[in-house]
Structure formats: C-alpha cells, structure tokens
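Note sheet for the following structure.
Read from first to last, the chains carry the letters A, B, C and D; within each, the first residue is number 1.
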C-alpha cells in the first residue's frame, strides 16, 4: 500500500523532525545522523531529497535497534537543550509542533499496522480478542437530529496550540441545518448495500463511481464474506476478524462511499463549519486512543441531548474540500510545508478516531485525506438542510 | 489527448441530447437513430452504456455527412414539435438546457481542434494569421487593485436561465479583499519563469509540484522555444505560431500554475464568491466568441474604473473547489447528472473566454475543470486580503 | 488500439518510404514534402523524430485528398526516375523493397480497418455479406498428419526477392516430426473452450495466463455471444457479424492461445523450420488477398495428399522466437532497421493470410508479432514429435 | 523492486517446497503449516492462491524467528523420513529437485539483498571491504578467439541431475563460429559508453532502445558518478562502493545492453549451443559462491588455451530465446510448472556467477531472465561467425 509506512520508519521520522527543526543549528548542537535526513524526511522539499513513500518498505537498515538508539539520542538532546534553556522561542514553538506531529504518527502507526497485517494472508491480530461475550442483543438509540438556525458563526482556533490550517479564527454565515446525533451504523450501511448501493451510479459522484468500478468495491475496507454458510459479513479489526456488529459505526469508508450513502439516505454530508459549530462547546472525549478500544464503539442505547460520538470512534467525512481560511498564513520556513501545500484535491474530516491521542484532538481540528482513502478510521455522520 | 473529442462527435452529441431528452417519448415522436445513443452519449449513466471518451477518435462511421444529415433531422423535428405545440413544459425547459449545452460544446469544439492541430507535427493553423502589423510598442496599464470591504453578499442566480449548480441564490459572508483590475500578462508570467518558477517547489501545491515533475512542464501549454537564435518564446494560436506578446494575458495554465504564480507574486487566487461580487454589476461583454478574436486580447493601455477583462479573453481560475451551494438540488431525472456528480476534485473557473458564446456567459456562471487541465483558455487574475 | 493506424496514414507512409529511400538525394530530385517525414516515418530512428503510433489517429491534416495528391506526386516521380534511368542499382533495389513494403501495408490497412470498425458500437461492415446460402451441412476432412523423418534441411531464401531476415540460406538439423494437414477449426477450438481452456492455468505459458487474466480473454478476438437465446458464438468479419462456422479455421488468436490449444490437444506448435520444410515445394496459392474472400475459408471436405491451407487463410503461429539466422547481415544503412532490430520478444508466423497479396508470400517468408497480438489473421496448425 | 523478495521469504519458501512436494501426503506426515502455502508459494498455480511477488515485502509475520523454527521443523521431518525410508522413489527425486531449488534461491538471496541495500540511501555494505590494496596496475590478457568448425554437436544433459529444460539430449548442426576467450571488461564497456553507446539507436534492438529511454539508462546497474572531482565511475558491490576497475568483467547488464555492446564491437552474442559446445569439456570451476569473492574477478593476466571465465564470475547472456528442446517433456504434476511455462519472452544465460553454488552449475545448465533484467550478476562474452 503506497500510503502506508513501516513502524520503524514512523519511529525514526518523528525523531528526525526534532533533529531537523529543533536541534539543527541550535547553539551547541551537531546533528548526530545527518545521513538520516534522506531516509526519514517525509515530504519537506525544502530540506532536500527523500526516499519515495512506496519504497520505505525496503529499508532493511538502519535496524530496529539502531532506530531505537537514535530516538533515545534525540530525546536526550532535546531534553538537555530544554533543561539548559538553550532553545530560542522559535525553537520552543517547534518543540510543541514536533510533539503534535508525533501524535499524528501515533495514529498512523496503528492504521498502517492494521493495513499490513490485513494484507498478510495469515491475518495475524495486533491484539488478542476482547474476552467476554458481546452484548449483541442490546439496541441503540434511534437516529435523531440536532437543529441549528441560520447564524454567523466563529470558526477556527483562537487560543492554545493549533495548526496553521485552523487559523485565523473568522466568521462564516451558516444557513440553517440539522446534524445527526450519532454516527451511521454498520446495520444502516448494510441496508444501503442490500439496496444495490454499490451498483447504482446515480448515487455516486462521478469520480467515486469510476473508483468503485476500477477497484471493484462492494463493501467497506476490511469487510469480507467468508464462506460460513450464513453468508454474513465479517470485519477485520486490530483484535482479529469477527462478524460485523450492526450497532457499531460503519468505518473505513472513502469519502465517495460516505457521500453515496448520504445521498441514498436522503441526506448529505455536513460541511466542516456545520460540524465545528455543533462540536464547539462539547468535551473532546470519547473512544480515543487512550480508551484502548482500538475500534469504534457502538452508539449508546439511550439518546443524549445533542450530538453524541463527536470525538473519537471515527473521523467524520465532511463535504468540504480542504482549503485555506480567509487570511491563511503558513508557518514561516520549511515547516510551512506542513499543511498549506496539501490544500488541493483533499477532503476535510473532523472529530478524531479510536487511534487519535486524546490531547491531540479539538473542535477546530482539521484532518484531511484524498477522497478515495479508506485505511484511516473514517466514518460518516449525516446532515441535512433545515426544513 | 483523452479529454478532447473529434468535431464530428461534438456535432452529433449535441443533437443526440435533443433526441434523448427532448424528443424521446414525446407524443408522436420516434427517435430516428436509437443506435446512436451508445456512440454519442457523453456521460449519462442513466441512459445506458457509452463509448469511452478516449476512444471517440476511432469512430470512422457515421461519416461527417451522415452526422450532418442527423443534425438536420433532429433540428427539423424539434422545430416541428415546437411549432405544433407538442412539447410539455418540462420538455420546453429541456430545449433551453439543450441550447445551453450546445453552446458549451461550441467552445469545446474550438479548444479540441486547437489541441489536435497543435499535436500534429505539421502545425497547421485553424485560421490565417491576422493581417496587419501588431502594435507591439503600445504599453498596457499598470496592475491596480479594486477594494471590497467585508460584507454579506448575495451569490448565485435569481432569474433567467441558469444551471442547477448556480442555485439557490444565497448569502455569503465575505472578508475584505482586493481584486486585480486586469488579468496577469504573459510578460509578468515570463518574469515568474525567469525567476525559476517551474523549479522551486516552495511555490507549488504538492499535487502541482508532482505534476510539474511528471509532465516536465516548463511553460504554459502551447508555448515553445524554437531555435531562432534569440531564444524567445513562441505561442501556438488558432491563427498559427508567433512570438509571445508580453502584453497578452497568459493563458492555457493549469490551476497549479495559476496558484504558484499567485504565491510567487505575493498574492493569491480569488474565491469564486469574490469574483462574482466584483462582476455582479458589469456587462458581460469582452473578447468572447463573437469577437472572432480566437485568442485573448492584450489589456487596454489605460486603466478603467473597476476590474477590466472580467468576461471573455480567459477563464479565470479561482481558489474554490467546485461544490454544491447550500440547499443545492440537482435537476430531476437523468439530466440531473449534468453538474452535481462532478462536485469532487474539480476547481471553479469564472468569466468565459474568447471561445465562449456571448449569450452563454453571466456573472453567476460556474465553469469547472480538474486542476491539471490546460487545454481550455484558462488564465489568472490575482486577489489579496484587504490590508 | 495502439497497434493500428488510420488508412490515410498507411497511404502516406508507403509513399514516404519511396520519397525517403528511393528519391531523396537522387540526381535531379528534391523531396516534395520533407515536412511529412516527421508525420509518416514509422520507426526509422536513423531518419529523425517521428509521431508515436498511438497518436497517428489525431492527424486531421493533411487531409485524405492531400495524401492522395502526395501519392500521385511520388508515384509520378519514381516512374519518371525509372523511365529516365536516373536510379542507381542501390536505389533500384530499394524500389523493390518499397513495393514489398507497400504490400505489407496493404494487409495492415485491412486488419486495422477491421479493428476500427469492430470498436465502433454501430458495428459497420467493410463489405456487404456474401449473397447465397452457406453450405453449413458439408463436413470437412478429418485431421491427419504428414510425416517427416530426421534430416538436415536447407532453410532460407536462395534466389528471388527476399527480406534480409530470410537470409542466409543455411542448413538445420531437424528431428523427425509430424505436421497437421490442415488448420485447427473453430469447431475444434469451441471444444477447447467448452473444456475450460480459458480457465485452466496448467494449459498456459506463464505470460499467457497473466494476459488471459489481465485482459479477461474468453474467446478469440472478434467472437462474442449476443443474447440470441441459443447462446451460440458469433464472429465479426469484414462482411459483418454472423454465427461461427465450426468448419472455418479459428483465427485472430494470440500466440498464447495457439500454444495453449496445442497443449490441450496433446500436440505442440511447429517450429518455423518444420513449417518451411513442409511448405518448400508447394505452390503458394490459397485464400490470399486476390481471392477477395476477406476471411479464412473452411478446410476442403476431402483430404489432399500432404498439408493443405499452407498459404493464405491464416498466418500460422510457430513456436520459434524471431531471431537472426546464422550469418545474418542486415541491409546497409537506415533500411537496415527494417527487420533486425525487432529480433527480441517476437514470435514467427508463417504462410500468409486472406489479407496477404499473392505475390508477397513464399515458403521462406518470416512474419513476426508479439505473442499477445490478435488483430492479425492469425491461426494455428498443430505439430508433434515423430513417434 | 518487484522482482526481488525479502530474505525471510526465500528462507521459508525453500522449506515450503519440501513441505509441499516431498512431505505432503507422504505416509505418516501431516504438514505442520498448511497456512504457509498461501504466503510462501512462488508461482505454482496448481497448488492454489499465492501472494503477489511485489507484496512479499509487507509480510511482517511470521517473524524471522518463526521462519527459522519452521525451517528446522521441515528439515527434521525430511531427514527423519529419509532415515526411516518412508519416501517413495518419486519423492526421493523431488528431494533432489528441492535441493537444487534451494541452491537457486541461495543466489537470489544475495542478488536481492544487494538490490535492497543499494536502494537504501545510506548504502550499507553486506560485507566489509576486502583488506589489502588492489593490484590496479596489473594488466589482463588481450581478448583472443577460440575457433570452432561447422559440426553436429550433442546438446543437453545425458546423465546426473538436470532440470527438465536441459533434456532431451539431442543433436544440433552448428555453423562455424568463434568465441571470445574471456568476458568483456569494464574498461572495454567504458569505451562503448564514451563512444555514445547509450545514445545511438542504431546499436540497439527496438525494445532495448525503448527501455533505455524509458528508464534513462546511462551505465550498468550499480554504477554511478559521484561528484569526486575526477568524474570517474564508481560501482556498488556487496563489499561497498569503490571505483570501477577496468579489468573486472562488466556486470549487471541487461540482455539489451549486452546485445548493443556486441553490435558496437563488431561481434554478436553467442547462441546457447555455441556456448555449451565450448564449455562441454571444461571443469565447472571459477569464482563461484564458495570462493567468497562476492563479485566477478578480473580476467587472468595471461591467456590460457581455450576460453577462460566460463563458469562463475558472471552469467553470460546468449542470443537464444528460452524455448523447449526437441522432444521436451515437463516433469509430471505441479512441479512441471518449474520450467516449461516460462518458455516465452525470456533469454538464456549460461555459466553461473559469483553467487552460484559450485555444485549447482554445469555446462548444460540453462538459466533464463527477461531481456530487461539487470539485478542478476549478468555479463557478456562475444562471439562471431567463422571467417
């Protein structure tokens, strides 16, 4: 899979970020491994050449042990520089950016491992299956809608750490809308599939339909139908394969599938602004990385006031193309390549997933992937116009 | 070129549109050539199978004469149905849509012919070169900026014919901005090239830089440097090849190039809303198809009040991804595939070109192409935040 | 289809050959259209740049009439140069080569037209169907074998015109073998298909099986199964589509299919030397271009002594990779690119087809195509080791 | 590199061969890991599905330790079955085939590791550089020719282990020829490069020239020109990078390059039969795997009688397409896929390399690779017609 990288690469790359942007050139520092830049640079054109992502798998050297030693070395140097007060304010800012950058790769490590283990015909699990029986008989709350009137909303980050793509905070005029109070479930998605969802071009964006046919998609990623007599769908998770639970959120969808499902359901995807307004005053908790759920959890069986499952579980595809906010200003220097240069051909997702560190997520956070990407924990929440 | 089609195909396809959507099933009508649907359907999945666009060139049959006869037959039938009042209000609406559809193909015929003649090593001209000397000594007005304060603007079409993607008319909150009063010129673009524009990754969107390298772009489409001793750039036009005129608008750029140029110039591309606000109360005239210019004209030598060259000359790339307006509702039935299903991966252009029929263009008109497309008459106008 | 060219291109290319290799540089000659070299050069690297084969379809200019005028001009000049004795012996040799080259393109014009018309959903015919009923009840002679003992054979051309790849005449030691006395029929091939021929990897060369799967081959080119209730196979010919006649030779096979069929039948393909030995003393007649059959004819109903259908009907795939004979010496100069540089990755076919001019074919003639090619009239004759 | 596999895969695959073809179904045997078949089957269609070669790199499981344990398990079982006399004669034959199969993979392990380490920008070495100075001043013997008159030769294996593709032994009529008494050197190849070898289409086969341009080849694989001031060529070896030694055999050439060099040198590649005749009565010794040279050695400085360097150093490209001998009969059953199904699109190499185990090579041995392959130790020996 050209989008995925080996764990070893992620480990070294996140330390390389500190070596390159925090330590290099700081008083009293000499980069320990300048030769690693070529290998562990991800996409910073300003830093020099790099190895193509789809060739990262061939890196038999440095070994895992060498990478671990490199990480310790860089960590020690950063801590020493901090302790000794040797870092300028600009570099201190980059330490914070480096930590947030590493949190992003914590999520990618999990999604890439999941993809790699699934590609292995032996289908090994990352973790043992959860002990104890699943309460399959419990029901979940029916889908209801939260209402929002037309108004002018503040969008974007005002205080605390944020990426440049969340700024500047600005006003947006929002037409009245409604937002579903929970994620779309696997059971609801099965009804879409049973209704010919993957065979009806009128439900799809043109690029989406072309992708469905070229890739022969018939179900979400990680779903298959082993020949068990009952013909039911199974899902591969980080805890192994098991039958699909109709109550769990449907996950590992592309934007195209999320959009087609919404059209089939007589609704649409929310804009990223609608999502942010609904999330603005809610605690960013839920099934995040620290929960050790490693998979989206079923919706609660009782509807709470206001939208649930906003943070964690699944990233939620919006209908918003990823672009700059009015007055957007990239970070200075090479780290300015971090976000702005990807503002073409990508779609915004909001809310975090079961692989997102809790301290990483917030209501203004903008994730983005190409519309055909499916290997992230990406699901769907419906929206519709006010009526 | 997979995006271009032969003229014969355009001629038959536009009549097929009338046969399929206006005549078929109307009282007293029997489609004269139902077998043509497979050949001349462009992308309507709801109508049945179709021939792939990149294979349209192999259609040695029907002959050009047969296509002309087919057009006459369909024209006669539509006129008769109109004269005899046999068309329902729904079908009358589709007659208007069919006329606007044909106007779009009038432009495509010219851009496709231009591409095909240029691909021919003999480099034939479509028209003879203009007689008379060019006034190369005349200068053009310096670039100035029109100012717009923050305000809530009405966007979209309220009356007259419009495509579904221009509706509904709705309000948008616009931050203060400035818009250049003319298009970027070839002379200005030459300065970008001379400054290493095509060799500096920091100026480009990530997808754009990948495209520049994969396609080895070093100049706009249709520019080359024949070995004439002086090393100057030449441009291929529908009237043949000639030296680039530094005063003419730079044209046949991709969105990526327009965006990179704007970044280099310390500016940005306008949003489609900013463009529409600036164009709202201006007459939609300029170097359009009826002018027979067949190429964008140099900017006037004297600055007029407000933005010039807004209509005609070149389509203007915006920074807006092509998406639905709040409350967007596609046309009913198969013609609903016309616009909505392309709202992914495309970028909005505004304003029309020298190949656009005059009655086809308006301030609310939204054209769209993938960001790498260059064979349309596409240029660039700068914008920047209010300061 | 990247291997096919428009008729107009063939017409101009064969005259370009005379202009370039016979006239250019001859006393008193000035090439009338040196600009055509770029457009109508097929693959002669030594002559300069050329247009890629898969882009020949875009050549809207020169027009058909201009090409015809060009042909007349070149023809007149060659005839005049011949009449006036202005051509050197070397150039006279190239006149003969040019005539043989044009004969090759006579065949390609037909196979390319057939491919182009078949790609058209309207499925136009090249010629009207043959009048009169087909004698479908007649049977054909059973397949018998001609026996050849081990011996040393002379292979290659000794006198008369020949291409350089047929020379030098040399001796080859042949192990005893048997050769089928007629071509494999469509009826026999249907039995292979019914026996799972296209679904059994053990019957196929590795590259062949990969091609079958990648291209989803299930039958010879130009065969399909329209939904006529009976489920029978139909074949598209230059005279239109009709049911497959089980007595006709199976045709438009790739080398891979010919090889798999032979393995299924417990036989093998002949080497090109075995074929030449069997053909050496037979008249090169049969269903060639002049017969106007435009399609391979069914085998005779009565076995003749020795192999039948050796010339015409179908080119016969051999098991021989196309390579140089011992002592092979390409023609001098640029025309030396004619044959030798293709001696890699291609397979030899022998015997000519219904599209081959009669004066073009002979027992020593070596045709060659890549093993996956199917658009030529290519069939199969079985061989086996002496027993 | 889609042709290369990880070492772990090679280790497991060679044991899987014993499990599948020797142990499976033998009395008293139960395959320990039937689930490994999907993962470690290389290309045996008859055994069931398999993982694509270019995805073998993603197999993070089983771990290296698990694979080693699997190898021990299989080895122990095979030894026990041998000791206890439980293997049928057919299975005993497959033990011998399995050993020869493993010897082939010993070579592939080295060539794949070399490719993988070279793809790593850190350019790690497989072994430390050889201690001691190179005797760069020593000269090598001038190239001379061994002469062979026209005669009928016996070709193929008569006794001892051989692969099915070396059988049956049969007679071939050989025209008189000459064979170079040593391999082409790097120094000679540098002269070809300096003479524009990679820029002159007339020297190349058509497919070769297309490959040169598509891959931008300018030198053998593993050669580059680091900016050391002198501009000389360096070579990457399993013992690290160093300057090219003009006396060493040129290596890691494609068939296309070997063929182009031969044409430039006024010679040609030998047929595989010519090579076998010259090697027939010579000891199969030389710089083979056991020498631990890990790289082809320079030719001796003194010419010996008859051809030198025939075994070891480099595999030698012939001009022979890989095909069946007259009367060829594949092994029975699934192991019959071993050789026969690759007899299309490949070229024969002879003689073994510095990575070939000594007991694996013999005069009748036929290696084969596609003509564009360069990652094997493949060099060139010239031949020419008798004069």
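The rule is simple: a residue touches a chain if its C-beta (ideal position, glycine included) is under 8 Å from a C-beta of that chain, and two chains touch if they have at least 3 such contacts.
Every value quoted in this text rests on a predicted model; they were computed, and no experiment measured them.
**Student:** What chains do chain C and chain D have as common neighbours?
**Tutor:** none
**Student:** What is the minimum number of touch steps required to go from chain B to chain D?
**Tutor:** The fewest steps needed to get from chain B to chain D is 2.
**Student:** Return the distance between the CA-based centres of chain B and chain C, expressed in whole Å.
**Tutor:** Each chain reduced to its C-alpha mean, chain B and chain C end up 46 Å apart.
**Student:** So how far apart, in whole Å, are chain A and chain B when each is placed at the average of its C-alpha atoms?
**Tutor:** 36
**Student:** Let me have the rounded angstrom distance from the C-alpha centre of chain A over to the C-alpha centre of chain C, please.
**Tutor:** About 57 Å, centre to centre.
**Student:** Help me check something: in the complex, which residues belonging to chain B touch chain C?
**Tutor:** Contacts found on chain B: 1, 6, 35-36, 38-39, 49, 51, 55, 57-62, 113, 116-117, 119-122, 124.
**Student:** Okay, in this complex, where on chain A does chain B touch?
**Tutor:** Against chain B, chain A makes touches at 43, 45-46, 152, 170-173, 175, 201-202, 204-209, 255-256, 259, 268, 319-321, 323-324, 326-327, 337, 341-345, 371, 385.
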